[in-house]
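Heads up: the structure comes next, in structure tokens.
As written, the chain order gives the labels A, B, C and D, with residue 1 at the start of each chain.
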Amino acid sequence: MMSFMELFQLATHVGLHHFLLFSAILFAVGLFGLLTKKGLIPLLMCVELMLNAVNINLVAFNHYMPVYDYSGQLMAIFSVAVAASEIAVGVALAFRIYRDHGTVNVDDLDEMKG
Amino acid sequence: MEFPLLSTILIAPLVAAFALCFVPKDDREMIRRVAASATIFMLCLTVYAFFNFDTLEGGVQFAEKIPWVADLGVCYSVGVDGISMPLLLLVGVIGISAVYTSWNTEKRPKEFFILLLLLIAGVTGTFIARDLFLFLLSYELFVIPVFIMVLVWGSTKRLPKEFVAMKFIVFLLMGSAFMLVGVVLLYVNAYPAGERTFDFDALRLAGEMGRFSDSFQISTFPLLLLGFGSLLSMFPFHSWSPDGHAAAPTAVSMIHAGILKKLGAYGLIRVGVLLLPVGAKYWSPLIVTTAVMGVLYAAYIVMAQKDLKYIIGYSSVSHMGYILLGIMTLNATSVSGAVANMVAHGMMTALFFSQIGYIYERTHLRSIPELRGLAHYMPHLTIGFMLAGMTSLGLPGLIEFLPEFTIFVGTFGVYPVQALIAIFVIVFTALYVLRLLATLLFGPKDEKYAEIPDEQGASMVPLIVLGVFIVGFGLFPSLLMNVIDCGIEPLAPVFEQIANAPTMMGGVR
Amino acid sequence: MDALLGQVHALVAWAFSLANDYDVPSLIEAGVFFLFAGLALLFACGVIFFRNVVHSALSLTATFICVACLYLSIGADFMGAVQILVYGGAVAVLIVMAIMLTRRDNMAHSNPSRGLFRHAAAAVLTGLFLSGMAAVAILSPFKSAPQSLGDAAPGLADLMLSHYVLPFEVAAVLLLIAMIGAIVLAKGAEER
Amino acid sequence: MFDFALYHAWLIPLLPALAFLVIGLGTRQDKKKSAIIGITAIGASFLLSLGVVGAVLTKRLVMAAPFVMKTVWAHIGGMDLGMGVLIDSLTAMMLVVVTTVALMVNIYSVGYMEHDPGMGRFFAFLSLFAASMLGLVISLNFLQMYIFWEGVGLCSYLLIGFYYYKISAREAAKKAFITTRIGDFGMLLGILLIQITFGTMDFIELKTLVPQYIWISGTSFLTVIGLLLFIGPIGKSGQFPLHVWLPDAMEGPTPVSALIHAATMVVAGVYLIGRAYFIFAELPIVMNVIAWLGGFTAFFAATIAVTQRPFKRILAYSTISQLGYMMLALGVGSLTASMFHLMTHAFFKALMFLCAGAVIEAMHEEADIFKMGGLRHRMPVTFKCMTIGVAAIAGLPPFAGFFSKDAILAAAAEVSFPLYLLASVTAFMTAFYMSRLLFVAFFGEVRDDCPAQETNAFMRWPLVVLAVLSVISGAWGHFAGFGDWVFYGVHEEEAINWAIAGSSIVLSLVAMWLAYQIYVEKRWSSFQIARRLGVLYDLSYHAYYIDEIYAFIRELAVDKLGRLALWIDTHVVDGVVHGLGRLAKGVGAVLALPQNGDVQRYVAIFYTGVVALVAYSLFYAVKILSVTGGAF
């Protein structure tokens, strides 16, 4: 069993694991939201949270792992681009759905049910 | 590097299909001219290849090899040996016949011919592939055009064509799902990771090195058998085939019965028997028995059928039983008989279907009490039906006699009872073929056919092309047999090696 | 008094020894990390639990900014900038606009959630997921080797235009398509 | 000259084959050209055959020392399949018989088919038949023989069904093909067994291999082979129980009946056994079967012929009966007698058939002999020819049949008295029903409405030629030493056994007198006799109802079973398939339940999966870490 001191030392030396844990928690928060929210736009926000968590991982790996170039950050940038597209289309969709159905609550939207 | 003959043969229909995309859809003359010239070109090249095939040298000839997906060990590797060369010729012959049989397609000819050419290209690819991956790719590829063609240009008689198309595709894909598992198992077991390859020869080498243990072979062979067997319309997995023939447009029926079923048999030899000889040996008594049951059973069903396409459909199930019998008897004689019979039966069935297609196109009838006495007005059609019928019942001097005889010679010493039944079915074959011919062609005149023209011009092409090969190979079988013989020769050690392997019945057969 | 003084001395001595034992820069680093990480998580929870969707959106923006600060803290300046510009700016604005466009009534309860069962199930699933991921994160034997590679922007540009040029182009096309798609979707078919 | 013929013997079948090609592809529409081509080809073959005979006589090519030419036809799966020419005295005899009759029939057909639009087709088929038959005769091995055997079967099918618009002709053709196919099935099995046992099908090689085999392994397996081989001749040569096709085959044009179903093709079975006599002669059981089946068939067919009414049908049953004779002769071990009878029978039976053709044509397709009468006044040449034919078949000296039939009776008497008795009774009945035919059709009063006239020259001259042959071939063969040439084993000089010959002459004369009394003098009413005989007469008249029995069996074993199989296929086999389809649908419906359109549920399911995967990988990670001992 580690002593308090060792634990403290571990906690205060910020490293890759801190970021990984943080992004895991952030992702989990987003996931919880994704599972519990009703409105379409909050859902989109939760997705953004999860994407951000992923980006954090990428950047952190790039910083802490011996990779010697910026490919991790570059991945994150691509991810940002994809996320931006996603949010743009998502918002347009939400708007469209609202106009056609008068609601953005996902439980009212089950037309594709088999 | 020498001229890439096989790739040219493969690409010709693809180029034509591509060119057809730019032909206006109303210009039917142009469309069919393009399709016809592609298949004529193919036929010329395949005939050239066939007669330039060096039977003394043997082995794989006209080979080409280009690395493709290096990580998986996939190559674009083509070449023909004594087994695939005759089948490639078969593709060439049936290809041109199929195009000319569909000469008068009214409904969306452009799309029809594009799909037909794609189909031809797919089967060509399968026969010339020397790489298992390429083989499987082409193997799965042809299913799509067939499906669409049955769906769009098919005819609904006993069953709706949509249903039949679905049945067809489900059957084939189910079969190939099992087969795929088998192939992946082969691939993984042949070599350790990193050295893996799909090359046929390399896989065979692995087999010879003993990479496939006996128990592995025994458990994997049924998977391959399910895949190839269902394509080959092995009893009891045959029921898609007569329905498929009946619903499909004539050209598809021709290719389907003439080539696709042979593809199953070819795959069974190439992948099943060659790579897993011990497995094949183990299961052979069972398969031989079912094959013979299929031969007899399908022959019986033909007796009760009235629809021409069903008759030929079931009769081809019966004939494919002979081929399966020949393959699974696992000796050089019977297998060479089976390969020759693949060619023979392909040409015969194609001729039958093209003649049926001709008469169906003009009368929209195809059951025998309705069609009768055609000989009075259509001598050419009569010759076509007679030729096909006589070939079907194994008349000497026509292409199918010697292959069947060879199968019987090979089989009779190994499985006497099964062979006896199989040979007895030649009487049944004679019975149903002659009944069909008698009612269809002969008998009193029926005035309602007076207006229908006899085969002329383009519609004579299938009869002439197929007829030349049927009679030519029948009278001079060495043309065909020498090629097959040099393809079977390398198999002799394989058969010797398994001569003492156990079967499921226990002892040594 | 002496005793008190002695204690103060002792305390000071302890503090000094502490300062000697622990390198202060890393403590500061830890402080910064925990501050922004904590804030980010707090705001993230806010996104979920605020009743008013506008508050949620603001909270989300705050999360983004905190994450951007974290990026800056590990020397990823360019990423931080991108994070602030794209997420803190564009995405936030888009979301707020979407909210404005789809909600015209009372904003007080504009961010509804599911029932209790849903919450419980989601909590269980999320908890499992989190514990799994945390275990993975902790158990993974990564060696942290912080490195500074100099200025990020030129390095990124080099990569983007050499090795990753195809993905770059694809991303550009994707953005274009997304833009067109968004316009088409929002505009609607019946007005054409 | 003779050498040329010998070394070009392969041309004998090839010329008619070429004629078939030329007529079939070119001159089908032109009657005259087709006839000329056909006759020229067969004429050339005839001349070549004569040359071959000359060669055989000069080089003394008896059956033990044949002349062989050989080529590889195909090499497959380790088998060398040869084709070639085997010339010995037997072959030469058959070649001459076949080409002679074929030439005569070809010439006759010019007159007979004059008004038929399908004359070109007819000559094409005739040429094809001649080619196949001649190919069969010169066969070097069993496979070649089987090939041409099937070839003549095909020609027979095509020619029986020549009047394809007649349903009866169509059905008869089909029946002939299928019935002989059953025989071929047995024969094919026999050939396969020979190939498997000996590794060759060549007659010459087998001739040396078979005795060795018997020396080593005995005859039991060979007996099976022999019996199987014999099934082929049963079918082809119309032996009981596969004789049913031959009477129906009379639906074909009469020249065809003369050529194929009397003189040549039907004796192919006899010829096969003769050719493979080195196998059969070693197998006593098979020989007994052949002898008794032949004897029975001869008798059985004769009992049917007695009551038949159509001209050609009587001749057909008589052919079956005579073929039975030949088989009997083979079975009792006298190849010479059998082949001798084959030759004489070919001539006189062809003669009678051609007469029948002339009569039926003259009667405008009326075949019932009881509707004829007094034709001897109208058709004197035909009458004379027919009389010669009847005398020949009845075995009166000095006509051809006397010598050959006597040889058979003598051979039978040597081996088994019951067989001899059977043969004698048959000979008696043969004389009776042939005289009946002659007397009813040609004697008596000319009917008022009888349209008969003597036929044209094309049809007359072949009759005369064949009549001459029917007269002289027997005596000529006997005195010129037929038996010196065509024999198996050791040849024994056979003088005529006058006890047997005398009794058979007496029997024939009695039978003819009886027929004369009944049908010309009308001393006894034939109807009364028929009524007296009752059931026997009915049985005979309906050919023992064998056709009906076969039809019943076929209906039961083929058609009903076929329908059953179809039912099974559509309901059971397909039922399983469709059942599987429904099963898949059902499973699909169950699996579709979670997909109710609730996106969040999808997400939840997805992440459940993720959690499971994470847990799974963690499990292994921990395992690995515990091995490597590495935390971080």
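The definition used in the following text is that a residue touches a chain if its C-beta (ideal position, glycine included) is under 8 Å from a C-beta of that chain, and two chains touch if they have at least 3 such contacts.
All values derive from a computational prediction rather than experimental measurement.
The central chain of the assembly on a C-alpha centroid basis is B. Ranking all chains by how far their C-alpha centres lie from the centre of subunit D, first place goes to C.
If you average the Cα atoms of subunit A and of subunit D, the two centres end up 90 Å apart. Centroids built from CA atoms put subunit D at 97 Å from subunit C.
Remark: subunit A and subunit C have CA centroids separated by 8 Å (rounded to whole angstrom).
The centroid of the Cα atoms in subunit B and the matching centroid in subunit C are 63 Å apart. Residues of subunit D in contact with at least two other chains: 600, 604, 607, 632.
Counting only residues that touch two or more partner chains, subunit C has 114, 118, 121-122, 125, 129, 133, 138, 140, 142. Among all residues of subunit A, those that touch two or more other chains are 17, 31, 35-36. Of all possible chain pairings, those that touch are A-C, A-D, B-D, C-D. Contact residues on subunit A toward subunit C in their complex (touch as defined above): 9, 11-22, 24-33, 35-42, 44-46, 48-49, 52, 55-56, 59-60, 62-66, 68-71, 73-74, 76-78, 80-89, 91-96, 98-99, 104-105.
The residues of subunit C lying in touch with subunit A in their complex are 22, 26-27, 29-30, 33, 37, 40-41, 44-45, 47-48, 53, 56-57, 60, 63-64, 67, 70-71, 74-76, 78-79, 82-83, 86-87, 90-91, 94-95, 97-99, 101-102, 110-114, 118-119, 121-123, 125-127, 129-130, 133-134, 137-138, 140, 142, 144-147, 149, 152, 155-156, 159-160, 164, 167-168, 171, 174-175, 177-179, 181-183, 185-186, 188. Those residues of subunit A that touch subunit D in the shared complex are 17, 31, 34-36, 106-107, 109-114. Contact residues of subunit C toward subunit D in the complex are 114, 118, 121-122, 125, 128-129, 132-133, 135-136, 138-143. Per the touch definition, subunit D reaches subunit B in the complex via residues 72-79, 81, 143, 146-148, 150-151, 154, 157, 161, 164-165, 167, 170-171, 173-174, 177-178, 181-182, 184-185, 188-189, 192-193, 195-196, 558-559, 561-566, 569, 573-574, 577, 581.
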